[in-house]
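Residue numbering begins at 1 within each chain, and the chains themselves are lettered A, B, C, D, E, F, G and H in the order written.
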Amino acid sequence: MAKGRIEVSEALCKGCELCTTVCPKDLIVMATDHFTPKGYHPAMLQDPEAECTGCAICAVICPDAAITVYRWVPAAKAA
Amino acid sequence: MQTEIVISGFGGQGALFAGQLLAFAGMDSGKFVTWIPSYGPEMRGGTAHCTVTISDEEIGSPVVRHPKAAIVMNLPSLDKYEALVQPQGVLVVNASLVDRSPTRSNLNWVMVHGNEVAEELGDKRMANVVLLGALLGLEPVLTLDQLADALRNHIPARRRSLLDANLKALHEGAALAARDRVLA
Amino acid sequence: MTETGMVESLIYAKPGSLMPIGTHYCPGCTHGIAHRLIAEVLDEMGVGEDTIGVAPVGCSVFAYNYFKIDFAEAAHGRAPAMATGLKRLNPGKLVFTYQGDGDLASIGAAEILHVAARGENITVVFINNAIYGMTGGQMAPTTLPGQRTTSSPTGRDVETTGFPMKMCEVLSQMDGSAYIVRRSLHDVANIRRAKKALQTAFAAQQQGLGFTMVELLSSCPTNWGMKADEALHWIESHMIPTFPLGDYKVHPSLGEARGGERS
Amino acid sequence: MLEGNVAFAEAAVRAGCEAYFGYPITPQTEALEHMSRRMPELGRVFLQAESEVAAINMVYGAASAGARVMSSSSSPGVSLMMEGLSYIAGSEVPVVLVDVMRGGPGLGNIAPSQGDYNQIVKGGGHGDYRPIVLAPATVQELIDMTYEAFDLAEKYRCITIVLADGNLGQMMEPAELPPMRPVRRVEDRPAWALTGARGRAPNVISSIYIDPVEEEVFNHKLMAKQAEIEANEIRFRELQLEDAELAVIAFGTAGRIAQSAVKSAREAGVRVGLLRPISLFPYPYQRIRELANRVRGILVVEMNGGQMLDDVRLGVEGRVPIRFFGRMGGMVPMPDEVHDEIMALHASLPQLASAQEARR
Amino acid sequence: MLEGNVAFAEAAVRAGCEAYFGYPITPQTEALEHMSRRMPELGRVFLQAESEVAAINMVYGAASAGARVMSSSSSPGVSLMMEGLSYIAGSEVPVVLVDVMRGGPGLGNIAPSQGDYNQIVKGGGHGDYRPIVLAPATVQELIDMTYEAFDLAEKYRCITIVLADGNLGQMMEPAELPPMRPVRRVEDRPAWALTGARGRAPNVISSIYIDPVEEEVFNHKLMAKQAEIEANEIRFRELQLEDAELAVIAFGTAGRIAQSAVKSAREAGVRVGLLRPISLFPYPYQRIRELANRVRGILVVEMNGGQMLDDVRLGVEGRVPIRFFGRMGGMVPMPDEVHDEIMALHASLPQLASAQEARR
Amino acid sequence: MTETGMVESLIYAKPGSLMPIGTHYCPGCTHGIAHRLIAEVLDEMGVGEDTIGVAPVGCSVFAYNYFKIDFAEAAHGRAPAMATGLKRLNPGKLVFTYQGDGDLASIGAAEILHVAARGENITVVFINNAIYGMTGGQMAPTTLPGQRTTSSPTGRDVETTGFPMKMCEVLSQMDGSAYIVRRSLHDVANIRRAKKALQTAFAAQQQGLGFTMVELLSSCPTNWGMKADEALHWIESHMIPTFPLGDYKVHPSLGEARGGERS
Amino acid sequence: MQTEIVISGFGGQGALFAGQLLAFAGMDSGKFVTWIPSYGPEMRGGTAHCTVTISDEEIGSPVVRHPKAAIVMNLPSLDKYEALVQPQGVLVVNASLVDRSPTRSNLNWVMVHGNEVAEELGDKRMANVVLLGALLGLEPVLTLDQLADALRNHIPARRRSLLDANLKALHEGAALAARDRVLA
Amino acid sequence: MAKGRIEVSEALCKGCELCTTVCPKDLIVMATDHFTPKGYHPAMLQDPEAECTGCAICAVICPDAAITVYRWVPAAKAA
């Protein structure tokens, strides 16, 4: 069951690949099929099994604050 | 005869080195040459840009407002230099990072997917050489052989293993220019 | 709890104290991490509007473009002096400098020493990447013995250029310093510790305890000639042995905070 | 009776100076010492910096906070401020500096000199900038100009330098201090100041214009400001120039000494007058141009090897002969020497000498 | 093909430079980097100082030891050297400095500029002193002048500054390096050098003349030396001035660019020539005076707001109109702009414009 | 042994490495003692002709007039940089700087820190008199808390001006330093110890062990407003508690010398 | 009328303070005054020297080559100022440190053992005031009462206990001048 | 029996009195009857009992190297 997900801003991501090295579930890959406007292959979440926990570890290491992290939480708690 | 070529892109795209190759090739062919860089507002990821002048006589100013030719490796460079290149001049556009073609009708231009071509040949950092090949295809200020010699002589030691790939990149660029060019 | 009882909630987004624009830093450069941490701390403490930053000359020269707070850009090495002027005339505000190792330990050595001796109530975020990043990779006072740089092409020779300067060790000798610690940005756990140190430093400044500095071991993938992750490993394998992490000076009234930090 | 150094420091206090950062150096240390007592007394900021480099950068920080701030120093110390001054000029924050010049170059000595005219007036730091420079000749002027310097610095968001020498800094004479102005309240700091971005967009103080296009725009702005200063702020004092055939041009202490010589030369029958430039930037070129159309010869007196001399030449443009008399390295010209120079200039202009004969 | 920065560094090596002390700063860092490799290779001294302040004082020490020594830097870094340079001038030890100017004031940017003309040429440090200043326009000149700078510095026991800009420092073009000269043997160090007073009376290197009488004598000595330099070392290059009705005056990179404009203006039928001052101190006032008697108008081109302009004015003394064209803050004038300025000057002088009509 | 078997022999005379002229120092100023000790050591080691001194800006600015050896006069605070240039170009000579506390610890803080970090083979004689002597008694970085000076007229306030800087403590943190000790000139026994330290420092320099510094607690009777002997007592009673005497760094190969020193 | 007085001696002899007293007294008597110090090559023990100008009109130059009067407190000062004092001017010599008399015949001068007199009155640092008294004895630019007032108003707090001794020193100096003076 | 003596140079002595405080035999006094050329009362040896040992302690503290110390030693040793 998907607990979380991330969004990578292609305006901010510089393709440094650091996020790919820290995700405990190994869910981040580089999008080698295209370049960002700055000429980098951006990172992207590849989570076919919906394993992302929204742990935000990737965000902790991202030097460019390119990663936004979401997590499903009980509605009550979120309120 | 004097030819000025501007090469412009993001830092790290090899614009400066491409210009040096041109200048070395010019010098080795007995011409007067100058190479002059300029850096944009940012250190890395910012703009890097150089002007190469190749001339039959002593060179006065090493900078010009209206170059004969330009290689533009990203969109800001296209935006800037499309307007500045001399009428009937040459514009080589790196289509990998630029999604529009030149609009001026009095230019000879070509769109080349430098990054992809280079990546296929083994290293995307050779995009600059692909584009250089394309330039010579359109503006034969020097021959491909002269440039190939310059590559052989001046490629940095740590990239020497890529020499053959670079030579290929050069010719591939020229070939693409021959195929895709749009003449004024 | 059913799926329908769940809502998607924002766990992490670029901190509000940062401008929503990209930086000029190289891919994987830890300057970006340090910026983020400072911004997160300012956000969490709710003090962004009462904080004034001082940018150095170095790769972080444009820091003022990235933070959504008042900022000054100092002359190379003089950020502590400029911060002194700013703090003395804004005693109720938080003032911090952000300085590289060339800026702080080389050209600015006198200013950092004296700001510490004075116990100036400011916080210094010290980015130690063992190199001059901005000018293209020359030797810094923090460059490791044997490390090749563009101005020590055969490796730093301690016979002629001396030894790495350990600024935490030096500055903790100053009676005016309240909180002097060294952290690293080479992995997630350490990044988290670094953030806590920044919190403590800013809190100490709020309490007027004296001079506070957080040194952050950082990477410069470009000038080290490494990929971003290799560079982080190099921090761990090469820098930490020379620059041991730890608390070099902790004001007694910060006991509490430290306890938290250790957990 | 007030000592010059103490006088200008107290004048700054009364101008509402909120912070002083400096480093001891003869012959201006008494100013720093006065501030060390007065500023804390008034709840204002005094800090002895670790060096002049630090002092000017502390000033830079304090000025960025929107406060009235100053430093003072003397020649070698001012040389160390050049980078900082250029940054300050490049950031357009208002700053007041008093430079009490001494003999140089190098460590030189602690005697009075005007050897730093070029450094101060032409911009000893890098880049195209010009501070306003005021040259007092009496303790009273030193007071008045320091007092006004803060207003000028704020009006134009520029550096204003009061250029004195060891003579003026250390001499005592009776003088009146201006009234005490209140210190500006924090709420009244300028809109651009760094005070924490509470309820407003963040402010930035920086001297970077990394894009040359923008730097050029900024440089043009500085030039426009300089043009405005040149239009508004030219100051000089004149003495007996109305009917003068000869003009002495001298600033500061040299000007004051020349005053005595002009008097004695008049007594000796020579129609000579004195132009004493007060603002060295902006310089009274126009006034000198007018003079050059009227007098028959000009004597320039300086306590240096001939630095302001070039500015006089720029005004004169070859129209009349210029004679130069300079004492250097801490030597102060004596009134009788200047008198002799006036007589020599007079004698060198035959038509004047004979005219005087005729008049007799 | 040689990059300017590498070229001058290697030229210094070949001039027998024994020691280099510097601090990285764009756009001259490649010189320091070259030295970091070359000097140890040759068993000579390279040291990256902790700052420009330290660098210039290390240079001062090494020069006091009687060795050939140099530093290089760029605008903000050079501002930090002002105190040290003044001490060096005051001690008469020979020192070579290369200043690769960039856009200012303040941190400004890293683009080429000539904004520090006044600072360098008029003496940005305190006191009456003047370094010899040479302004190259090509990589070859940069090499040749750096090579010669050591001889000049030693001949006059003075500072010699090679004043370049970012353009020249970072451009590449073919150029020849001079032959390698041997490093001076320790036994051959000058008699005044500090080498340990073995078998001789002790030497002292100091800039102190605490007695103003002695300082003035010393200042006169410096002035006499400057006069000698002015008599011997004036250098400039001329292009097509023989029959010129208009003269362009520009130094360094601006001069080189103007060369292209002069050519194109000639092609457009305007009789224009170029005077490119090489020595900025000593300045070719006399040559300009002669020109002003011959041409009908002068265009001054600089990469600043008009600094050398005053020196041109001092030479011209109002005899012909002077037009100024400056780009600032890192902007480089384009040949076509200078061409347009020549044409505009030409058009503004009615007698010339009509004469050209007639010639056609 | 009879009276006739005795001859009068010279036990002590002004050392040969000093010029036979009077100094400009105030009566009782310990600058004079420090000069004498250096000269005695140079004489005893027989190295005067192979030594180059660097004078500071401070009361000892004219030191070059008093020593009969090659001398340079540095800019304020920059003696270590100038000495670096001199030493690098005269590697076989002994080079020492002589610096006051304002010169060394205030304006020259960066230069002294770096010369130590580099392990530059020079000797620094550091005259700590807790004041700016030459300019008339302003506060120095070494001024004691509460001490009245002409720029701290109500006594040094640690809240605004910070704490005395302890340079031995700081510089011994530098890996390049070989011998860093603090001595005092307040009585005969201590003066003798100071001399031994100078000997050790110069010997260490001869052996190329790295940076050496001897700090000498000194008096400034004029600006302290005391008689010469009162001033010496004040060193003992007030300065030593803040600036403890001792060996802060001693290179292992100096063990021998130290042993001698303790005796 | 304008009178210039130079006071010159070793640092620490109180030349500067004596000059200030004179200037204060002049100011308090409604005159224009300037006081200007200059320091010799040495900091302490070196020469300290000041020029006081007392005038009925505004003062131009605060320095002069030829003063009307001089107090010389040591030999170098005598050597220097004997030659410079105006003809018919006044020279007061501190005989405690100077073992020769002036040789010029067109001067009014007196030798006063300032140190000894002061020491007798309680503190040798009052030698300057003794000499000041002698000056006024020879050159009555101000009255002794005016100077005594200045002493009362301007003696530093820490020396106030010596006020009476100073007043005595002043009068003693004047008396000695009256007794020992040599007129031109 | 006199073992030693000192000479005080009046050109160098500045009358600081430090020597008077350290002489173990208390043999040094200030010559209050005259001034040196610089205006100081110089130190002088007052040794009627010939107690001076030539220990040179006074010389060790003298800031102006004004004191020269002599001692009677066996001729053989002196040679």
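In the analysis below, a contact is a pair of C-beta atoms (placed from the backbone, for glycine too) under 8 Å apart; a residue touches a chain by one contact, two chains touch by 3 or more.
Just so we're clear, the structure is a prediction, and the values are computed from it rather than from any experiment.
Chemist: Give me the set of chains touching chain C intersected with the set touching chain H.
Modeler: Touching chain C as well as chain H, we find F.
Chemist: Could you pull out the chain whose C-alpha mean position is farthest off from that of chain D?
Modeler: So the farthest one, by centre of C-alpha atoms, is A.
Chemist: Using mean CA coordinates as chain centres, what's the chain D-chain H distance in Å?
Modeler: 55
Chemist: Find the geometric centre of each of chain E and chain G from their Cα atoms only, then give the gap between the two centres in Å, rounded to an integer.
Modeler: 54
Chemist: For chain B and chain F, what's the span in angstrom between their mean Cα positions?
Modeler: 63
Chemist: Once you find the CA centre of chain B and the CA centre of chain H, what distance in Å lies between them?
Modeler: Those two chain centres are 87 Å apart.
Chemist: Residue numbers in chain F touching 2 or more other chains?
Modeler: 25-26, 61, 73, 75, 106-107, 109-110, 113-114, 134, 141, 160-161 - these are the residues of chain F that touch more than one other chain.
Chemist: Note the residues in chain D that touch 2 or more other chains, in rising order.
Modeler: Counting only residues that touch two or more other chains, chain D contributes 47, 50-51, 53, 76, 83, 87, 91, 106-107, 109-111, 206-208, 210-211.
Chemist: Note the residues in chain B that touch 2 or more other chains, in rising order.
Modeler: 41-42, 45
Chemist: Can you list the residues on chain F that touch chain E in the complex?
Modeler: 48-52, 54-55, 61-62, 64-65, 67-75, 78, 81-90, 93, 110-111, 113-114
Chemist: For a test of understanding, state which residues of chain F touch chain C in their complex under the given definition.
Modeler: Per the stated touch rule, the residues are 106-110, 113-114, 117-120, 141, 158-166, 169-170, 173-176.
Chemist: Would you pull the chain G residues touching chain D in the complex into a rising list?
Modeler: Where chain G meets chain D, its residues are 20, 23-24, 27, 32-39, 41, 59-66.
Chemist: What does chain B use to touch chain A in their complex?
Modeler: Going by the criterion above, the answer is residues 10, 13, 45, 74-75, 96-97, 115.
Chemist: For the complex, give me every residue of chain A touching chain C.
Modeler: It is residues 1, 4, 9, 11-12, 14-18, 21-22, 38, 40, 54, 56-57, 59-65, 67-78 of chain A that touch chain C.
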